[in-house]
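Which chain is which? They are A, B, C and D, in the order written, and residues in each are numbered from 1.
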Amino acid sequence: MRDSTDSVVRLRLVYLARLREAFSSAGEALSLADEAPTVADVVASLRARGNVWAAELAPGRAVRFAVNHRLVRVDHTLADGDEVAIFPPVTGG
Amino acid sequence: MPVRVQTEDFDAGREIARLRAEDRGVGAVAAFIGTVRDVNAGAGVDTMTLEHYPGMTESALEDIVAEAKRHFAVRDVLVVHRVGTLGPGDQIVLVVVTGAHRGAAFDACEFTMDRLKTRAPFWKKERGEHGERWVEARASDDEAAARW
Amino acid sequence: MPVRVQTEDFDAGREIARLRAEDRGVGAVAAFIGTVRDVNAGAGVDTMTLEHYPGMTESALEDIVAEAKRHFAVRDVLVVHRVGTLGPGDQIVLVVVTGAHRGAAFDACEFTMDRLKTRAPFWKKERGEHGERWVEARASDDEAAARW
Amino acid sequence: MRDSTDSVVRLRLVYLARLREAFSSAGEALSLADEAPTVADVVASLRARGNVWAAELAPGRAVRFAVNHRLVRVDHTLADGDEVAIFPPVTGG
């Protein structure tokens, strides 16, 4: 599954809860042509689609991230093959 | 298994009994059960649907349990969390902590719930008199989690 | 009855279910069970006999429950305390608190136990490898009670 | 049951737990010829018996008191007919 080209990072994106509904998608594959992209780069890439993507991921909206099932900050650096989940603040319990 | 995610209901009494069985060093059991209220933020609630992030959920809960055991002098911790559609009065979550003494058991139980509320990937969607809406995270949950 | 003193064992699951039954405003249940450990102060324990002061016991517990309800935003509080001779692993006391939110439920449950430990007229006598001895009050219990 | 003489206060004493065993007694009637005796006066009266009474109620020993089923301090004033319980610090729960 890993790409032989160093400069492309292939990611599996997962959208959950309100974002899954807003995006009408549970997730997708995304490739970034970047040496060491961060979660912020993923967010910027999605925002550039405009519409609901720009609205839900607008600066100031509370969004959380997990990479390979661990909560991370937006400056977390991604590696080829990472699963990046994007979701609203959790409300279980 | 210290954590379980399931659609079925749980029997709090049986889970408590199981956790403390065979451990004669237990002197204190602290437990918490979260349930669906019929009213939230002033509006009536008919059903509550819990969504989660399969794959991450169990590991997030296991991390929380491990952290609770590391931080507090307790003997065992159990977390059971339901997913799917529930109604008012239904049980959502159970946390049970056993320990030699009550102070650490209470602390570890409250710590586990506070962490779960801010770090475990569950989301609630209510259906009721207001229609359908995702429950918003509460600032008080962040404050509670920040205490520890 | 918010308080009971009895020789019989109790079923924590059933007591919890009973307390929250029919109250759809409950979102949080905090519970505590105190049990007999097989070791206390480093010595093995074979039996633990609980003596109380009939007449005063119930009123002391009722005062504690009333105080907990006055101080914390909770819906209901139950205390069941056993007397007589128990063995390691046996249940001694149960406190269950129901509320809309977990913070007040946890606080009221811990408050009730802290008060009970310093104000309710129960005394424990252990029989074990050291022979027979009355359990000494712990300074940490006074400190815990003084927090509130 | 109340005495017509103002200057005598009739009390019912109750001994519990370790004190009941030490005194070999679950309780007794005690009358104090005093206008407004306190719990401290009861303790002084019992201490004067010497032996185990003086030992168990010696200054510095942790002893608790309840009058008519309410915890009180040693300076609590007693009335005719009061039930005065004397016991070690409680250890239930």
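Things worth noting here:
Convention: contacts are C-beta pairs under 8 Å (C-beta built on N, C-alpha and C of every residue); 3 or more make two chains touch, one makes a residue touch a chain.
Since this is a predicted model, take the numbers as computed values, not measurements.
Least step count on the touch graph, subunit A to subunit C: 2.
In this assembly, the C-alpha centroid of subunit B lies 23 Å from the C-alpha centroid of subunit C. Remark: subunit A and subunit D have CA centroids separated by 73 Å (rounded to whole angstrom). Separation between the centroids of subunit A and subunit B, computed from CA atoms only, is 27 Å.
The centroid of the Cα atoms in subunit B and the matching centroid in subunit D are 49 Å apart.
Residue numbers of subunit C whose C-beta contacts span two or more other chains: 34, 113.
Annotation for subunit D: no residues touch 2 or more other chains. Touching pairs of chains, sorted by label, consist of A-B, B-C, C-D.
On the subunit B side of its complex with subunit C, the touching residues are 11-14, 16-17, 20, 24-39, 88-89, 100, 102-103, 105-106, 109-110, 113, 140, 144.
Looking at the complex, you find that subunit B touches subunit A at residues 34, 50-53, 55-56, 59-60, 81, 92-93, 113, 116-125, 134-137. Put simply, subunit D touches subunit C in their complex at residues 14, 16-18, 62, 66, 69-71, 85, 87-93.
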